[in-house]
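Structures follow.
Look for chain A in each of the two complexes below; its partner is chain B in the first and chain C in the second.
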Partner chain A sequence: MKWFIVVMLLLSGCVSPRVLERQGIITATGFDKKGKMYEGGSVMLSFKKMGSSMSEVIEATNKTSKGFRQDLEAQTSHDLGSGQIRVVVYGKELAEKDGIFGLTDTLQRDANIGSLVYLAVGEPSAKQVIKSKKHEDTPDIGTYLYRLIEKNLRSESLLAATLHEFIHSYYDVGKDAVLPCLSVRDDKPIIEKVALFRGDKFVGTVRLDESFYIKMLSSEYNTGLKNMTVSREDVAPLLIKKKGKKVNIVINEIKTKRKIKLISQKPTPHFRVTVNMQTEILEISDKTKPIMKDNVHILERAIEKQMKKEIDQLLVKLKRYETDPIGFGQIYDHSVRKLQLTDKQWLQLYKDARIDVDVNVSILRTGTID
Partner chain B sequence: MMKTPNERLSVNAYLVFFLVHTAQIGLGIVGVQRVIFVEARQDAWIAVLISGLWIHLIVFVICQTLKSSEHDNIFSLHTFVYGRVLGWIMNAAVVVYFLMAYTSILLGYVEMALTWMYPDFPLWGGALILVLLTVYALYGGGFRLVAGVSFLTFFMAIWIVVVVFQPLKYAEWIHLLPILEATPKQMMNGVLKTSYTMLGFEVLYIIYPFVKEKERVHRYAQLGVLLTTFLVAIVTVIAIVFFSPKQLDVTIWASLSMFTIVKFPFIERFEYIVIPLWLLVILPNLLLFMWAMTRGGKALFHIKQKYGLFIFACLSFFVAMMFEKRATINEFIDQVGWYGFWLSFVYPFFLYVFVRMKTWAKGSAK
Partner chain C sequence: MWFSKKNRVDEVVKQLAHSPDFMCRRIECKGKAVSVLFLSNLINHAHLQQNVLAFIHEQEHISIEQLARCLPIGAVSICETEKEMASYIRDGWAGIYIEKEKRGLVVNIAEKVERSLEKAETESLVLGPKMSFTESIDTNIRILRQNITDQKLVTEKMTIGVRNPLDVRVVYIEDIADQTNVQTVKQRLTELQIDEVIDSSILAQLLDDHAYTIFPQYLLTELPDRLAYSLMKGRIGIFVDRSPTVIICPTTFFSFFETTEDVYLRWTMSTVLRAVRMLGIFASIFLSPLYVAVITYHYEVIPSALLLTIGESRSRVPFPPVIEALFLEFMIELLREAGARLPTKVGQTMGIVGGIVLGQAAVEAGFTSNVLIIIVALSALGSFTAPSYEMGATIRILRFPIILLAALWGLIGIFIGVSLLLIHLLKLTSLGRPYLSPMYPFRFADMKYALIRLPIKFYNERPKTNRPQNSRRFSWREAMKRKDLDE
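What follows is the complex of A and B.
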């Protein structure tokens, strides 16, 4: 027993210690394309013996991301640690031309980095996002970006941002990845859009209100808020004033369930999408008669009609970008036996795929007034 | 021929459940999903169930074999069936199998711990710690300690099952469709690949004499196997829905990678808990296999288990030292699985037939 303890004590010294004050903790990294090189910056957070922490952005340019890391090491007296990376931002140009899979590969391979790291596309460049000075009350820009994305994921205005989800969609045939798109306004990074990918290449963006539908069609929706504009005729029987502009309706506490079925394969794939939605009315821009049991369906049908229209527009847009974030291809692949679908084949089929959307809205409550 | 150990050395029958289960669950379950998935695609979980059913049958056969004659362990059965020389060779084959299995666990675990946690720690150092641990435990303890360890570690590690369901947040159930697309050949290959993970129940051949209530061994062994099959099937299903097919094809330790999703307010990276904890899961493996080797050493060379322990410990350490790269370690683990497949999935049936024939021949000769 005695010698055993001795061995244990001796061996425990074998792993090199890491002193907190000497660590430079990277919380966010950004990559951009500069000619054939990668240009990037990392937010390094370091701790003082006394008092608070400080953050600093260090930059480097190199051919590979590991070489980039070495260049960073040369610029700081701290040992850089990547275990706390929260957000990795890729410049729009880089994501569009080179694709980002090669750069995410390092993140996956490194056991220090968890698969819940957030990825994002920076517009116009990652550098501008990383170097922006405004980050509210958080200690550094990395933490700010992390909280910003986390909040939007929680409120379901974004659908996916983690490394795991990106890699998952990248590898999955018939489903394309989406990432948040960070843009800078008044030197402060904000999320206005969602970046669409084909494979690992950025192909375009959709607004957050459009990405609502992507989320609704690709999975379930559980909270969240949606603002819609319906035409006046559709809800006319409810309104007190017959004339005026379009009517704005805000719905809240949205819960959806979706079902996508492949109805026929030939000549072109034909899908039927059924979305069942339960929601509450939060706001109507116009004065209405009391909404009762016998007239609530007017409102429901109006919302359904508008949603169908917007979804159809979105699907056209997605087809034009040749990207399939909803995963129709995945459903096609898994519904047909003995089929090894490839991305190329799916792209051909997707162009002509017929997608019928059916939305069933039921309004559960109308707030505190009828 | 070996004598049946006395009362003081034997254990209660319910411990067979823990012994069989902990001998089965070990390193394999951490990365089994990929190897089956590569063969049987989305039907991998069915392959696991088939393999589980098969093992239930084998466990039945093993218990029948052990019951059918006065020889109650594999070493004396071999001498009984094949005679002295051939029996010795067969026994040596069994010992070599346990040596390989032991070494593969040693290597596999150290390799995993180094990749995830201590990249600057040498492989030999890790292996040495585990070998010393085995020797230390067995030198003082013997079989009753092995049984105790498997009992305790079972309860110390089983709670991880609760956490396994957390990755379902990112599940895409459509990955399981279409069901039964795999051809019979793919399915067979899938079953074959589960062997490394499911192996371990063959220790029944060796622990049998050490159990007090012989008539209840079978029931508890079956229960142990049932739990193993259940757990392996669950982690396989979860991995299939969690990863996309091509992603699973390249993920070495799928179970561990799934744990990178798990997050608690007090611990951000749950896999750093799992990896050290996994030492508890493989510990019964190490102890049982090493103990089985020393039993074999006793049968082969008539050396005391105490000395056998040191010899086999050194031997497995040196075998382990011959490996450096992950590729060769993987190949080795594959070979162990292959060897174990024939020895534990197929051979028990033949042994049963041989034993029956021999007993019958002896009976009619009289």
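What follows is the complex of A and C.
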């Protein structure tokens, strides 16, 4: 028996080795649309014996992403390895017209690629993002993009960016995916906006300060910083000077809890969203009277009012794009018995859905200065 | 055979004639010829002159019985045959024969060569008693009796070896040690058919349950306090004459990673130290195979921050990772072996030359990568943390097959290796008792004796692994009471 197992293992042969330094390690890939073909580039890391290592971008055009891989293979002496892919960027045009599911699906099927790969939309094209030469102190653009997205996810200014989350939202009825949108400024990729999806198709973008609300409404929010502009009238009793129109307030250490309830289904779905927020004041642009226990509510109400306004605007915008990144559809699906909600049905309901937002802000501290 | 009517002394002389140091002193005393026979290299001459020769001279009436009664010497014995007397003389006794008597007398005036008691070297400690056993079984038993004054301490004498008989003592505490274990030890010792045994380490191998395994099954210690500790916990010790190490049995896998210092240090420190040791051992077996597996097959799992460092240092190396790893591991083994064989002073130079110069040069020449040097150095260090020299060697050797498995099948290979190792360990026994206890069979209460260390008051029971007849050490309730509290 013992020998049988040993012989069996030996005869079953070995996996073909993929020795690290023989690999051309791809750290990022970008796809764009060029007529009916995919055009794209991959960032390949090659190790140098002396001095610092270099990365190089190789490009190809093909009908499928695996065919594209074969074209790339022809251009290098290394075996291309996709096991270290960190970021995949899709051009805006590609995402808008063809949808990206076909391309994400092959990533999902490749066992070498983890499901925590970050996806992003490149504006105006993925090629421009990938071919950027500015990547700070990182050795290649792939690592730079990876760290950029990771940092912004950690500081909670982005919602979700991993392949896993994208695929999950894609298959989930009543929730649409969002991805970071990389734009190029001075030849350097930065995150300015968040791309909204319906199914696997790109429909539009929202600014990062708007995506703050999406994040707040779709899950709990725990860190971060938010700049609010409130009208002067609302906080008038606190101010010393009476001139000007707006007051800027920066709130910090935001902790929110949200509750979304379906109140009625007919004639149109009616949701009530309650957000409880605890925060502290970091900065106020005007000189104020000392903020005490008995007048802090003025500030709280002003922030609540402004937030409610901004959320309402955002919801209108989302409805216009016909996308539901917050997941009202999911809540609808959970709350209504014996319902097999489909994406199409929900889209009809969503257009007319009434969403009341209620924000309760409590300011715990008004800053550590006395 | 009775002493013949011929000259019986000549018969003894004939048996010892090949020894040039054999002496036969004939003295005339009260008209009787008295012969004193001895091997001059083995005896204490002052003793011979003052207590034997002088005493015989002073006697009024002389006979063997009278001498046996009156000689001022502890050990005397009356011999019936020449052969018996010759064998006593070979042990350093002196034979006395009086003309025309049927029997002879032997007296113990042997002076055995013995080194003085020294500090333990292979199991050196920072805290606790430093004395170690020596090569003389009498001294060793003396040290043990000083350590354990328990009335129930049993030291059973046995002799093994047909041509070169060896004195062996089985020691245990009568009402603690498991009787089955004692019986097994005694039976294995009596059934042993062998011409000679040189050292306790050989005896340990002769008593093994499994001869083909790589793992040692009995603990060898040179520390009297460790033996005393083990005996009081229900284990059995085997002393072997001419050997400075004592066999402790039955042994579990985890006892090879314990030192007596674990008991002497405070519990927090010992727990951390045990964890460090376990981690070190684990790293020692698996770090180099992991390197080989990851670099050869699974570059995906390398964190992006490390990717460049590893990649750059690997790109200079012309060999596949497995050759690189085997080469470096072989070099470390070579250094260790060379260091162990050389005299101490040269050995230190070897360490420096090997460690620094060779390592640096190997990297410079592009033979190995920097990362692997660190890994191999770490795993070498890890293997030296094993308190038992035997177990340390075992761990160093275990690494090599696992490296090969990693080179063949990557991480899957490593897990095949781990599984086979685990299956093997589960099957092992020491003196018929499970080797992996308290992990398998699982004994939660014994964990404090194996993996962690708790405050002393929790050690109120002897480890169940040893199956003590009497498991209670002290009362838990009494230990928990605080008597010095004034209220």
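Heads up, the rule we're going with is that the second predicted complex is superposed on the first by the 352 of 370 C-alpha atoms of A that agree within 3 Å, B and C clash if a C-alpha of one lies under 4 Å from a C-alpha of the other, contacts with A are read in each partner's own complex, and residues count from 1 in each chain.
The working rule: a contact is a pair of C-beta atoms (placed from the backbone, for glycine too) under 8 Å apart; a residue touches a chain by one contact, two chains touch by 3 or more.
Here the structure is a predicted model, which means the values were calculated and not measured.
Chain B and chain C, once both complexes are superposed via chain A, fit side by side. When the two structures are aligned on the shared chain, A:I263 is found in touch with neither chain B nor chain C. Of the two partner chains placed by superposition, only chain C is touched by A:F47; chain B is not. Of the two partner chains placed by the overlay, only chain B lies in contact with A:I167; chain C stays clear of it.
In the overlay built on the shared chain, the residue A:L364 is in contact with neither chain B nor chain C.
By the touch criterion defined above, A:A236 reaches neither chain B nor chain C.
In the superposed pair of complexes, A:G114 makes contact with chain B and with chain C alike. Once the two complexes are laid over each other on the shared chain, residue contacts for A:Q23 go to chain C alone; chain B is not touched. After superposing the two complexes on chain A, the shortest C-alpha to C-alpha distance between chain B and chain C comes to 5 Å.
Within chain A, the residues touched by chain B in the first complex and by chain C in the second are 14-15, 83, 114.
Residue ranges on chain C touching chain A, taken from their complex, read 294-300, 302, 304, 307-308, 310-312, 314-317, 320-321, 408-410, 416.
Partner chain B is touched in their complex by these residues of chain A: 4, 7, 11, 14-16, 83, 111, 114-116, 164-165, 167-173, 175, 327, 330-331, 334-338. For chain A in complex with chain C, the residues that touch the partner chain are 9, 14-15, 17-21, 23, 25, 27, 45, 47-49, 53, 81, 83-84, 86, 112, 114, 139, 143, 146. Against chain A, the residues of chain B that register as touching in their complex are 115-121, 125, 129, 132, 136, 170, 172, 174-175, 177-178, 181, 243-247, 257, 260-261, 263, 268-269.
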